[in-house]
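First chain A sits with chain B, and in the next complex the same chain sits with chain C.
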Partner chain A sequence: MMRTKKSTRAAQYVALAAYLVFLAFPFLWLISTAFKPARELGSLDPTWIPKDPTLENFRQAFDEQPLLQAAGNSLVAAVSAALIAVVIATPMAYVMARHRTRLAKAATGWVVVSQAFPFVLIIIPLFLILKNLHLINSLLGLIMVYVVWSLPFALWMLVGYVRAVPAELEEAAAVDGASRVRTFVSVVAPLLAPGIVATAMFAFITAWNEFFFALVLLKTPEKQTLPVILNRFIGAEGVADLGPLAAAAFLATIPSLVIFAIIQKRITGGMLAGAVKA
Partner chain B sequence: MTLATATKRSARGAPNRGGADHGAWFLVLPALIPILVLSVGPLLYGIALAFTDSQSGRTEPTQWIGALNFQDLLHDTLFWDSFRIGLLWAFGVTVPQFLLALGLALLLNQNLRFRWLARALAIIPWAMPEVVVGIMWRLVYHPDAGVLNETLSTFGLGEGKDWLTGTATALFAVIAVGVWAGMPQTTVALLAGLQNTPRELHEAAAMDGAGAWRRFRTVTWPAIKPIALAITALNFIWNFNSFALVYVLTQGGPGGRTRLPMLFAYEQAFRYGQFGYAAAMGCVMVAVISVLLAVYLVGRLKGGDEA
Partner chain C sequence: MRTAPRLLTAAATALALLLTGCSGDSGDDDGKITLQFQSLAWQKESVDANKALVEEWNATHPDVKVEYVQGSWDSVHDQLLTSFEGGEAPDIIHDASDDLADFAYGGYLADLGELLPDRLKSDIPKRSWQTTTFGGKVYGVPFLQEPRVLIANAKWLKKSGVRIPTPEKPWSWEEFRDVSEELGDGEDGKYGVAWPLKEPVSATLNLSLSTGGQMFHRGADGKVDVRFGEADEIMPRTVHDQVNDDKSASGTTLGMGGSDTLPGFFGGKYAMVPLGFSYRQQIVQQAPKGFDWQVLPAPAGSEGLAQGVSPQTLSVAEDSPHKKEAAEFIDFFLQPDNMVKLARGDWMLPTGKEALKDPALRTGKHDWAAGTALAEDLRSAPAQSVRGYPEWKDKVATPAFQEYYSGAIDLDELRERLVEDGNLVLARYQR
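This part shows the complex of A and B:
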């Protein structure tokens, strides 16, 4: 083992502390603001810890905007998109991982390129197509967009999981006379289950957090998802009721944070496999 | 017809004689069709739109106008402003983000106490909806009720300063948020690269009397270089394409000082209804990004070889 000098260690801890502060302080401020009564927020001498913590902001947030309905819309969109995405992506990922056909190569190329795409070139035609189908201001239209939008990364992650399944198992199934589809359904898919769950959770978070497509496609508050409704808290002039805004923003983050904490390690693996390996 | 037959046979578990690829096609189609219809199709449609005068709510039929939109873009100073701001923003975010992430990754690779805390905290910016990140930083930057001015004023600085609406500070203010928001992801990627570096190499270098900087240059950096290049190229592209964060923070203001290309294109398309013009702008962005993407792909292929 290498020995590290005491002065070096001290410098390292100072640096680590600085990073921790940098990462944590905006979030702590958000929480602090969410629990401050209006009178403290108006004071010109803001404090870190609310003197009179209150839940009033949370109540007011629900009064000001249809938060519950928005959360419901977000939930419907995110759950549907995640489920559909993994159901259709898993078989394709299987083929991409196991067969070096031209199709699999083209799909891999598409996955790479689509990570880099400016959405504006896609959203204008999608807007026109969905308008013709009367799917503007409809969660169904948004779900369709989210499915395709989350597919590249879902495929990325799933291809990695398929590669981790030993090919011998499939060969054994083939010797027993099982078809490709049957091998996939009864041998590969069950082994992939944990990976599929992680991928679905990631697709859920992506859709839950998504703002741009929802902003363009959803027009009325009854249909809008949580990020769009949160943005409505900030008025046209940028003036906002800070307390309720902070309270609502804090609540909207909790699902993603919880899920992300669970799957973070798996995503890191998937991301690296995607970004670095061929 | 063929597909349906293949399915029926497969469902009964009979061997798929002579039709090995039907099975593969059947597995691919459920994803391939939506991709073609909702992604590749719109992309081609989008490129076609760039050569038309398509507008929202117009009664006359849309017409082909050749490269007119592109000619207009060439002379549109607002577009060039947004393009310049987009590059400034992408560099301004990507470079500090990378350096800070590298520093943090090197620290987390050391045997320090509390490093688990840094990993736990890193989840926050990564998992948060961009809209919430924007809102959170609006609260931090708030001229009266914000923590930044409060902290600065204890040092006698920044009393009542409005960071997001000041023409001199707005771009810096949003860049700082961009750095904060993207740092953890980069850190985790670099950390994974560091952890694949063989420890023995470090120890051998240390035995030979190499200092910290020399060890970094000769051992650490070569090992993480492929990941570093790939992640930096990708970050640059993602940042150039950003929308939500800056939209929530400033809406592109003050006076267009933070109007990134995506915000400009969004305004053109969905505020002024200029679909053809905005699509042309999208094409220009794709052209720029293709160059960056080529850099990324070269880095990625190299990484694949060395891995």
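This part shows the complex of A and C:
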């Protein structure tokens, strides 16, 4: 194995640091803006650390919009969508990965193609279907949409993870007399855990951030999710109530960050597993 | 694998059918009518005013309940389109007149001509009704509007000794150019004016009305064509020359939105910024303590201070089963006193003649009076009823004006693109 030169290593660290700064910039700027008073937001010399930090933007954001209720709705929608998507996608992915028939290949192709459909193409028929089911302005309707929307990509991700699990392990289980179902539950599923977590995380983030479906399908403030509520801080011609918007947006990122922090190791493991070609 | 989506759909449908009873729309109970009113109010004072009026209505009209639904400006068009297509549109719809044409031609909005009382019809001037009238039918009630004004650094202007314009004696476009140059020519990073022209088309068309610029001309056959004559040239040429020849206007602000120019304005980089009247609220909130600002009328031309506006509107959905009651609510909502409350909440001008007389809108505080004095000169924005205008604006006019203002193309090239390319676009909509 070649030893990395010190200069190369240093350059790698510099590049990594630059990348991290690039990634962190919008978030740090968001935090900074959230704590700035209105007069500082209009300053010609922007500062990273607010000169006169204030919680007024947070007070105003909570005062003007039902943020906690919206966060609760987002959480219910995103967690439900993630769980249901994973429960449906996992066995489907197993079948698609292990049975390489023409049908499975066609299904994989369809999964890829389905990701190309723009929201506007499907929103009206979807709206009509949900209306007939009396599921407009209902979190249940939104969850169903999120599940269907995230399912193809979840399936695609999980197929990769299943293929990374050596088929020899299943053959050994079969030799020991385990049934298909038992093999899947006892042998394959535990090895898939990191991939399942990563997929659930993807479905969660997709639903947590989704705006357009929620906007169209949910009408009353009691049902609306965070992205829809955040949109209310923007007025005509894009004029924004910047301080409260930044405060509310900062709060909206916290659940995702917490969940990422908790399951980071599993995700990393899952991604590596999924990267291995069968 | 084809079975998977089917299974999914079947499972989802079964689940939904089981839970159908758990959700659903609130219908008319006990013979009482419920109207949905989707408001786009977004600033706290404005939302409070809207909600207070809805509560007042509900308290005095036990048989017709109005339900307040919050919408947002940023996404209203797509959201409404989907709701119309799905037959789930709110009964009373808050929007802007420049967004109504598509919905009106699409048959989604009710003709309010026979539904509105004479009081409201006569209170709002004809020129404002023109903003919501398409094909002889009225598809919305215009109730709030805002002129574009020059917001100026009062101290800077006073120190320079230039003549301060008034609505009675405004600057001509030529004088405006001279004054801008006198106030700052880019030396020491200070400019006479900062034009925020991220969206250059509506600003150009609306302000060009003052010089008689019309751009869109409707023939006897009803077809519209684009022309770019001498009257249309004055405003864009002034901006172009300020940026490229005089250096009295900052080139860097051309790509900015109005809010983006405020830090530079507060920081003493620009003496004047052309902005909508409602931007005063941001200035009051964000300006450094002691910052002295004032509202000036936009430059005038052969048509005086005329300029185009797209007022905020209230419409009734064609599908609404309670159009009469919806119109009654609109009449209540837009009583003169209520219009004043709404105008103050949004820092804009009411269209109603009675509301405009209110002392609260004629005060010198925050220069309300300076804006109110311009109300009579506000006209329907050109082209808002022209089919194909959105495509002309996005594909032809926006890039052409952006290039012209930045100096990349000259006036002849601008004219050629606006007219020749533009008429090709419009022709497709007028076959």
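Going forward, the second predicted complex is superposed on the first by the 208 of 278 C-alpha atoms of A that agree within 3 Å, B and C clash if a C-alpha of one lies under 4 Å from a C-alpha of the other, contacts with A are read in each partner's own complex, and residues count from 1 in each chain.
Everything below uses one rule, namely that contacts are C-beta pairs under 8 Å (C-beta built on N, C-alpha and C of every residue); 3 or more make two chains touch, one makes a residue touch a chain.
This one's a predicted model, so the numbers in the text were calculated from it and none came from an experiment.
Colleague: Based on the superposed arrangement, let me know which partner A:Ala193 touches: chain B (first), chain C (second), both, or neither?
Modeller: A:Ala193 contacts neither chain B nor chain C.
Colleague: After superposition on the shared chain, which partner residues are touched by A:Val14: those of chain B (first), chain C (second), both, or neither?
Modeller: In the superposed model, A:Val14 contacts neither chain B nor chain C.
Colleague: Looking at the overlay, does A:Val120 come into contact with chain B only (first), chain C only (second), both, or neither?
Modeller: Touch status of A:Val120: both partners.
Colleague: In the superposed arrangement, which partner chain does A:Ala164 touch: chain B (first), chain C (second), both, or neither?
Modeller: Neither chain B nor chain C is touched by A:Ala164.
Colleague: Is it chain B or chain C that touches the larger share of residues in chain A?
Modeller: Ranking chain B and chain C by residues of chain A touched puts B first.
Colleague: Scan A:Pro26 for contacts with chain B and chain C and give back first, second, both or neither.
Modeller: Touch partner of A:Pro26: chain B, not chain C.
Colleague: Regarding the shared-chain residue A:Leu103, is it in contact with chain B (first), chain C (second), both, or neither?
Modeller: both
Colleague: By the touch definition at the top of the document, which applies to A:Leu128: first (chain B), second (chain C), both, or neither?
Modeller: A:Leu128 contacts both chain B and chain C.
Colleague: Under the stated touch criterion, which partner chain does A:Ile262 make contact with: chain B (first), chain C (second), both, or neither?
Modeller: Neither partner.
Colleague: Taking the superposition as given, does A:Met144 touch the first partner, chain B, the second, chain C, both, or neither?
Modeller: In the superposition, A:Met144 touches chain B and chain C alike.
Colleague: Would you tell me the residues on chain A in contact with chain B in one complex that are also in contact with chain C in the other?
Modeller: 41-46, 88, 92, 103, 107, 110, 120, 123-124, 127-128, 144, 147-148, 151, 211-212, 215-216, 231, 233-234, 238, 240, 242.
Colleague: For chain A, which residues are in contact with chain C within the complex?
Modeller: So the residues of chain A touching chain C come out as 38-39, 41-46, 60, 63-64, 88, 92, 96, 103-104, 106-107, 110, 120, 123-124, 127-128, 130-131, 133-138, 140-141, 144, 147-148, 151, 211-212, 215-216, 219-221, 228, 231-242.
Colleague: Can you check the complex and tell me which residues of chain C touch chain A?
Modeller: Per the stated touch rule, the residues are 1-2, 4, 8, 12-13, 15-17, 19-20, 22-25, 36, 40, 42-44, 47, 69-70, 72-75, 78-79, 82-83, 85-88, 96, 199, 257-259, 262-264, 266-267, 269, 276, 278-279, 282, 285-289.
Colleague: Could you list, by residue number, the parts of chain A that touch chain B in their complex?
Modeller: Residues 2, 4, 8, 12-13, 15-16, 19-20, 22-27, 29-30, 33, 41-46, 48, 87-89, 91-92, 94-95, 99, 101, 103, 107, 110, 112-129, 144-145, 147-148, 151, 155, 177-182, 184, 205, 208-212, 215-216, 226-227, 230-231, 233-234, 238, 240, 242, 245-246, 249-250, 252-253, 256-257, 259-261, 264, 268, 271-272, 275-278.
Colleague: For the complex, which residues does chain B have touching chain A?
Modeller: Spelled out, the residues of chain B in touch with chain A are 6-7, 9-11, 13-16, 20-21, 23-24, 26-28, 30-32, 34-35, 38-43, 45-47, 49, 54, 100, 103-104, 107, 110, 112, 114-115, 117-118, 120-132, 135-140, 142, 144-147, 150, 164-165, 180, 183-185, 188-189, 192-193, 202-203, 206, 212, 226-227, 230-231, 234, 237-238, 240-241, 243-244, 247-248, 251, 261-262, 265-266, 269-270, 275, 278-279, 281-283, 285-286, 289, 292-293, 296-297, 300-301, 303-304, 307.
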